[in-house]
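In structure tokens below, several structures.
First chain A sits with chain B, and in the next complex the same chain sits with chain C.
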Partner chain A sequence: MSLGRLAWRNISGSSFRSAVVFLCALVVAGLALSTVLILRGARDSLRLAMDRLGADIIVVPQGSESKVESALLMGVPTSASMGRETVAKIAAIPGVAAVSPQLYLSSLSNASCCSVPEMLMVAYDPQTDFTLRPWLQKNLPGGLKLGEAIGGTYVFVPKGEQNIKLYGYFVTLKGNLEPTGTNLDRTMFFTFDTARDMARISQTLAEKPLAYTPNIISSVLVKVAPGENAHDVAVQIFKDVPGVTPIESPNLFLAFRKQITGLLGAMLAVLAITTVLSLVLVGLVFSMAANERRREMGVLRALGGTRNFVFRILLAEAALLALAGAVPGLLLAAFSVYLFRSLIVRSIGVPFLYPSPLALLALILGGVILALAGVTLAASLPAYRISRLDAAVAMRE
Partner chain B sequence: MTIIKVAAVLIVVMALVIAIVPQFTDCQSQGRAIELANGKTVAMKCHWTATAELALAIPIAAVGILLGFSRRKESMRNLSILGIVLGAVAILVPTTLIGVCASPDMLCNSVMRPLLILMGVLLVVISVISLIASRRITEQPA
Partner chain C sequence: MITLRNVTKTYTLGRDRTVEAVRGVTLEVQRGEFVIITGRSGSGKTTLLNLVAGMTRPTSGQVLLEDTDLWRLSDREQSLLRNRKLGFVFQFPSLLPSLTALENVVLPTMFGGQNGPDPYERATQLLGEVGLQDKLASYPRQLSAGQQQRVVVARALMNGPELLLADEPTSDLDEQTEQEIMALFREIHARTGLTILLVTHTSQLVSYGTKALRMSEGLIADSTG
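Let's turn to the complex of A and B:
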């Protein structure tokens, strides 16, 4: 009989002990993967959102910093507004290479004039824009024309329709951006001309006219000239332009990052406590089993089994149970996090991006290795002790 | 035999989850309904999904109970196959057959739908395990 088969027979013979180790491996592996998926997803999501914005500094009206961040990340409608003359003032500051204004608008929910659920709409200036330009140059060399838009990955034309109706105005969706896991995935981008035209049409065809005022903007994206210090430029903007707050790119979504750090601490603490308790429990179970099975191991030794063989049988049992518990635990965790992702985003208050299939596979493999190492480590001390016992002593006791 | 007994208990627990949780996570339970032009209100489709799942939970619970008490290999096999079919239907009701509300912010979309899919998948997996286990057991005398 092979080592693996013998170990499997022993596992089948002791269902309670096996169930305890199986459950410990399942819980630890599942919890570890859930923690990693959520924290890594939140971090990736913020990084991608910052890359998407592509600016070194974002200038927003004073007092609306968190509102703008919440609008971009969580889709909370915002009414941040400032005069368009701010753009020229910022552009005149030394060290500024490019400036581009944006206006944040919101679609109507449950209205017959809108064919999509409530979403953030961003109007941009195609003449000065530098955030969408790389994507547009690659996918739509002609740029966006009047009545055209591009959307985040979850923006789509309703079934059976050819356009998206917003405020009674038909918008043609020309493409979708890559996912970020943030509300930018549910955001639609179009030019200021389209916003103006939509506002005109909404006066007669919408349940409520679009809140668009000419020469009003929500934010100014700033690109700093090469070699210039973004912090110095931001300080200069703060000094020279009244009524605005410049947010440097590394400080963007700071509140969300703090939330992630807090979450990280709490989740790691829970994970650490669970892991330690599980490993202690596994060690205890194996220790009890080792005492109960002294005679059995003594017989094995008397039949010619070496100390090493006895040690390896016990470790093989632990490894098989770890594997049997970790694999379903990891799959269940991955599947559950995927299914409940929108509930998780709402509960923890930070967006998160589910990893690619390849990254997920790597994480699952890592989880299997972790569970195998943990359980075999916890079982190794009792296994070593029983394997060192003299055969005659073990059989007599 | 132990695997079958554990599977039977888990199936009964899942039947309870499938029956109870949707009753508290559909839009009707949150006080939301579609208001018609004449002022009357109509339940949203997630309410009908919750009702259908309640009806579906009864045969699922019956499968679990019968599986726990059955001694014949053939009965276990047939009940396991029925469990697989019912698990698949539990997934299809909130996804294809009836569905839930479209808005991702609604509780039926963020809690009820994923929970029912998860329960359906677990029911299928546990029924498959019990089907495999039923092939290996030696029949006990009645």
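Let's turn to the complex of A and C:
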């Protein structure tokens, strides 16, 4: 009989102790993975969203900063608008290398003239764009033509149809961007020309015409020249261009990042309290169990088990229980976070990106190691104490 | 086989309270003897047995098992010696509740690292010898007290010990089972010539042994044999 088998038989025969340790490992490991998945997912999501925008500064109409950020991250429809002449004013500021305007539009919900659910639509200027250009150069060297669009990961052509119908206008989906975990994944991008054409068609074919006004834009993406200080350029834009707010890239989605920081604090506090309480509980349970089993350990010593063997068998039991609890806990957490990701996004108010299978596997493995280390650490003190006892003392009532 | 030279064991119970459980005992047990030590509760019998087994360190004196001073050995060496040379039968239920009778008997083989014949085969044979061939897969809770003690005897014989130590092996048993267990010890001794040291508070059991000693207040009071 091996040590592992004996440990397994011992834990199988002690339902209360096994259940407590199993549940502690399950809860702590599951909670830890959920926390990591949500926080890491939110952080990655914001980083990817910023990378996707690809701008050093985003200029929005004054007072609409949070609306634009909400539109980009959470899909909240926005009516941010400013005159197109702003683009030239910003381009004239020293240190600005490139400027590109964007217009935020929204499809209609539950309307027969739209074949997709309500989504954010971004019109861009293909002449000046630098946000989508890298993807287009790689995947669509000819760029987007009139009536064509690219979508985020979750933009699909309705089943059985060739095109997406928006305001009665048929758009051909030419490709999908990589996921960001933000609402950009449910956003469609097309040119200003397509937006204009869509507005024209919507006058006669849509339940409600597309609210498009020529020479009106929602934001200007700014790229700063190499060697220039983005902050200085932003200050200059603020001074020289009235009615706008420049948001520097590091400050973009600041409200969301603050929310994540707040969330991080709260979740880490809950996790820390749960972990400490669980480890104390596991320690107590093992301490009680070790005392109850003093005779049993004494018998093992009498039969030829060394002190080290007694220590190892108790730790092996703890490790097996940790493993038995942590693995389902981690799998349950990974599955639950995946299943309820939309609900989580809505509840906590920040987007998040589910990790790749490889990253998830690494996180689960990390969780298993942490649970093993935590539980065996909690069990090590009572195990050490009992292993140091004289066999005769251990066997005494 | 066993030599105790002026062995004393003192337990510290509190800051200022000590109890001298064994007081300067000198004792020799020859190979092949079946020694029964009787005495009242608290006379030091169990402590004496624990000293012989190396399960508690003497406060003073020497415990020799075939000229080997047990307390000069490391924990590993001492454990190995216990595993290979000693068999134990305890007063209390000492089977592991999570293991079957057969697995309990096999248990001592996991510490010795000896490569002998199939341990399960030998354990089955031993359980047959103690009359439990039909209880191999039974868990301790499914066995009577007498049957459990028979399994313990089989476990004690598993590694072919040179010395069998039994601490009040019949104290929890009814009179008939007590006699059955004692008869089992006598039969094992007669058949194998195994050295047995048994302690009990029941003086009527001395007839089962080849030598009887009486302990009182930590001392060997007298002997017959």
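General observations
Here, the second predicted complex is superposed on the first by the 397 of 397 C-alpha atoms of A that agree within 3 Å, B and C clash if a C-alpha of one lies under 4 Å from a C-alpha of the other, contacts with A are read in each partner's own complex, and residues count from 1 in each chain.
Definition applied: contacts are C-beta pairs under 8 Å (C-beta built on N, C-alpha and C of every residue); 3 or more make two chains touch, one makes a residue touch a chain.
What you are looking at is a predicted structure, and each value in this text was computed from that prediction instead of being measured.
In the superposition on chain A, no contact is made by A:Lys258 with either chain B or chain C.
After overlaying the two complexes on the shared chain, residue contacts for A:Arg346 are found with chain B alone; chain C is out of touch. Legend: residue contacts after superposition of the two complexes on their common chain; A:Ser15 is shown touching chain B, with no touch to chain C.
Touch criterion not met for A:Arg388: it reaches neither chain B nor chain C. Legend: residue contacts after superposition of the two complexes on their common chain; A:Ser336 is shown touching chain B, with no touch to chain C. With both structures placed on the common chain, the touch criterion links A:Lys208 to neither chain B nor chain C.
Once the two complexes are overlaid on the shared chain, A:Ala302 sits against chain C while remaining clear of chain B.
Shared interface residues of chain A, touching chain B in one complex and chain C in the other, do not exist. Contacts from chain A toward chain B in the complex involve residues 15, 109, 117, 335-336, 339-340, 342-343, 346.
Residues 2, 102-105, 109-111, 114-115, 117-118, 121 of chain B are the ones that touch chain A when the two sit in their complex.
Here chain C touches chain A in the complex through residues 46-47, 50, 53, 55-57, 75-76, 79-80, 82-84, 86, 88, 90, 92, 94, 96-99, 103, 106-112, 155, 159, going by the rule given at the top. Residues 1-3, 6, 9-10, 12-14, 295-296, 298-299, 301-309, 390-393, 395 of chain A are the ones touching chain C in the complex.
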